[in-house]
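Each structure below is given as structure tokens.
Below, subunit A partners subunit B and then partners subunit C, in two separate complexes.
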Partner chain A sequence: MKPVLLYLYIGLTIVLISALWPESFQLNHTPIALWVSTAIVTLCATFAALLPAYLSAAVVTGFYHAPLFQRCALLILYLLAGMPSIIIGVAGFITFSYGLGLGWSMLSAILTLVFLLAPTLATAFIQLLNQAHSDHYALARGLDMSRTYFLFIWLPTLKKEALVDTLLLGWSRALGDTAAIMLTCGAVMATPTSLLDPVRLINYHIYLLAMEVPGGFTEAQSIALLQIIMIALLFIPRWLLQKREPCLSN
Partner chain B sequence: MFIQLNNLTVHINRLPMLTIDQMGLPPSGIYAILGPSGCGKSSLLTLLSGLHDPALSYSGDLIEHTHTPVRYAMVWQKPTVFPCSIFDNLWVAYRSTLTAQPNRLHPSNWSRFIKRQHRGSLYRALETVGLDQELGHGWAERHADTLSGGQKQRLCIAMGLLKQADVLLLDEPTSSLDPIATQKIEETLRALSKKHLIVLVTHSIGQAKRLADLATVICHCTERNLSYACETGLASDVLNRPKTLSCKAFIEAETG
Partner chain C sequence: MRLSVLKTILKRVRNDDWARAPIAPMIRRHCLRKQTEYRSLGGIVTLLVIAAIALFMAMPLIQTGHFLIEVPIELWWRLDWQPDLDHYGIGTSLAGSTALLLYALPPTLLLSHLIAQQLVETQSHAARSTLITLLQTWASLPSVIIGLWIMASLVPFIQSHLGQGYTLFTSAVGLTLFITPALTLLIFQNYQHFHHAFRPLADSLEMNGRLRLLYYLKSYRTETRHTLLYGFCRLFGETMIVLMLSGNALNRSFAPFESIRSLTATIALEMGYASQWHEMALYALASLALLITLIILLLGKNSDAYPIKSGA
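And now, the complex of A and B:
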């Protein structure tokens, strides 16, 4: 536990120092500039996805009694968890880079990665909370412990290792999807000084390659849209089965 | 009487499940509740404890004859403890009583210094349930998962005591334990009943006869699909000389 925290602490310190005083360290036009950008994007996305993922998992596992929200959360979770990262990248590119006009910025990359990571983290949290719900929540209720205290203070204290594992899982997935920044992209020349500085996600990159089809941009977009719909349709039976599971277990 | 239940109906998902005409719980002693599975014994305990359950509601009177609100602690059927040290298990129950501190959720209140100050109180709770001798000197650091089922249940009772509970609600606490562990829990309960009220839900007529001062037998009416408290009174009377046919049938079925 402690070495992991130390590792994260050292990493964050390097990122902060290099981001705040890049000139002093002569980091521009070096691989460290790429590394710093990658670390900022992936860590920000991971931490931003943590809370929504944890809350969704708490709703899905029945800690909060909101049947409608629970159904919606389950539907979104199953759809997003089953989506290939490239599809989420395309959606992110269309929404954030193109739609909101954020371009190839770190901010659009972070927002896209949040959507990519949230289902992965939520799935891990659901397993954790399911176990806690059956084993420890009754005991906590018997001791008058509030739900908020149990979820946000006591359970993280008890399950430190599992939480760090989930955090690292999310971060590694984020790193996997931003590898292009280090491998292929010349967009990062300097250590970033703003969230609107340029970076490029691997799935944005693939999207651009995918657009190079005969017939032009419009045809490529319609093919991409069809693919998204087909994948969404594929996951509906799975979601329906998952929805029926509680009835079967009763 | 300490707690009085008059014309109480327990509803599960808005459907009536259990009716109790009259039940009076004294300030101390052991009160046994017996009945077939699914008759609403555990729901009654949950209702008494005040734990929020969206499916559970009641109509009728549930009166507490006290100046301050009654504090309840619940011990469940499955011997479950938190996966941390015995000290931390006891501490998490005890911290709710530290109301004098301005912000008991603040991390500084979890510091070793504060914890060390209250170590004596936690140890006294272990003494009360008879775990002090069994666990020895290294009790505080020992992981609670290494305890046996019976020891876990007694640790849960100790946690309830640290909460300064007036009433201990026990939902079949010995159903998954061997006879020796059951005997130790019964000894603990007998000692605690001098100062606390213990409401014990059990399937074992023998256990109720050994422990209880008062008892209620709940029976199920299949025609109305409703459970009801068919007999209430001194445990020796209710369990040895039942007056109603349904109560007699239940006791004979349980004792074979």
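And now, the complex of A and C:
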């Protein structure tokens, strides 16, 4: 079969980049604080979501024997995975910004993002732990390795690449989301001094530049282009490794 | 590990006794003794996580209770959304979301299945890995970037021909382009399994590509249903593309070149300045979206399957 759709996607990528190529590259209204606060919020959320997601995945895959909780965890993760991000944003706004009195702040955005990222990370961990359960677990237990040691020391050491992949997946999802955090983190462009400061994240900034700032479209294009390059840089090394190690179908 | 267990294992290895008496059950029996000590830890952690998530998701519903009790049903179960006049009709935004689903879901599903089929069946490893990387990159693109792209390319084109560029059609195109890569990567895993299991049979029956795809849809019904639900949830819940491309006019039109406003776009657009009953009405809209998604997900629930949120 000829890969016609591959050419279609290559063409689409070229069209996307050429359409977003700005007439003049502008970053006048985008201070470095925006990039810093985006990095802090997304990275903190990804790392904060790691442990609950990993533990939930361990329960789902049967490492902890609690059948009722296993079913509950599976159902909750399944429902949360299908939930629209704006709903998670509204829930985050009511719970953290309004309920806990955190207001529009980085902390509210981080906590909201944790709920958004947990099912994504848990799904990736479920795949990893399922494989580990069938391949290594019985032997590890036979060697008197404790469950905690197996889950938190042995497996992360053995599956470093898979963990890094999962982290990248979570981070790219956190970077890509706008709806959930636009309701919780505010829109202030100043450099944050604490986690309780309101900030504006880069995607919301792109939206505001494109939709509400007169003449801001060119700058929105410039930032979007930079972001595409950053995301592509996350995937290109994996592509090069894949080319060296064929492991897919056929 | 107990020395006796190890000795028995070694004895069986020496006797080449693996096939008749596998050692796994023996090791498992040995391990069962240690399971109880972790039961409480796993249970407590899971209980806490479940309780936190359930409470978190219930917050919009709790906030909405007061609104539903205080505001008469005729003020919100209607078609006009005019918060200034205390008319909180959910009909307009619900119609907008429905129209978007009708226009975007069929092409998204069709394209995703076609691309996934080609991804699996292509002979060239280089082409496959390149397409997977491209799809992963596309699946990770923020929705605002797709919105910006459509604004820069398709909207001016439609505007010059029809006068109105921000329409149901442009937002449906944006949504299709945004959701297709993630959906393709989800279908890819299932189709790969189908390919390995049924390709020899399909070849012996001289099935062409179209028939193979139809056979996949028929034989992998559960996976297809999950793909459909996943596509539904992503399209129904997507906010930024609709906010940027649909024009956000309070129309109840299903015409492709009319401006519309979806349920999620209404929440995102008005939450920033809403107060009192208006804010409560937006919580009610969020609760409605939550309930619709919950019902759809629970209808398609299957304990063996679990939809993947992103292009993992």
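In this text, the second predicted complex is superposed on the first by the 159 of 250 C-alpha atoms of A that agree within 3 Å, B and C clash if a C-alpha of one lies under 4 Å from a C-alpha of the other, contacts with A are read in each partner's own complex, and residues count from 1 in each chain.
Just so it is clear, contacts are C-beta pairs under 8 Å (C-beta built on N, C-alpha and C of every residue); 3 or more make two chains touch, one makes a residue touch a chain.
Everything numeric in this text was worked out from a predicted model, so none of it was measured.
Judged by the touch definition given at the top, the superposed model places A:Y54 against neither subunit B nor subunit C. By the touch criterion defined above, A:L175 reaches subunit C but does not reach subunit B.
The partner of subunit A that touches more of its residues, comparing subunit B with subunit C, is C.
Of the two partner chains placed by superposition, A:F125 touches none, neither subunit B nor subunit C. Of the two partner chains, subunit B and subunit C are each touched by A:L143. When the two structures are aligned on the shared chain, A:A91 is found in touch with subunit C, with no touch to subunit B.
Once the two complexes are laid over each other on the shared chain, residue contacts for A:R71 go to subunit C alone; subunit B is not touched. Once the two complexes are overlaid on the shared chain, A:A220 sits against subunit C while remaining clear of subunit B. Contacts of A:W104 after superposition: neither subunit B nor subunit C is touched.
After overlaying the two complexes on the shared chain, residue contacts for A:W35 are found with neither subunit B nor subunit C. Residues 65, 138-139, 141-144 of subunit A lie at the contact with subunit B in one complex and at the contact with subunit C in the other. Within the complex, the subunit B residues that touch subunit A are 49, 51, 54, 73-76, 80-84, 92-93, 96, 105, 156, 159-160, 163. Residue ranges on subunit C touching subunit A, taken from their complex, read 1, 5, 9, 23-24, 27-28, 30-31, 34-35, 38-39, 41-43, 45-47, 49-50, 53-57, 59-60, 63, 114-115, 118-138, 140-145, 147-149, 151-153, 177, 192, 195-196, 209, 229-230, 233, 236-240, 243-244, 264, 267-268, 271, 282-283, 286, 289-290, 293-294, 296-298, 301, 303, 306-310, 312. Against subunit C, in their complex, subunit A makes its touches with residues 1-6, 9-10, 12-13, 15-16, 19-20, 52, 55-56, 58-59, 63-66, 69-87, 90-95, 99, 115, 118-120, 123-124, 126-127, 138-139, 141-144, 146-148, 169, 172-173, 175-179, 182-183, 203-204, 206-207, 210-211, 217, 220-221, 224, 227-228, 231-232, 234-236, 238-239, 242-243, 246, 248-250. Across the complex, subunit A meets subunit B through its residues 65, 135-136, 138-139, 141-145, 149, 153-154, 157-158.
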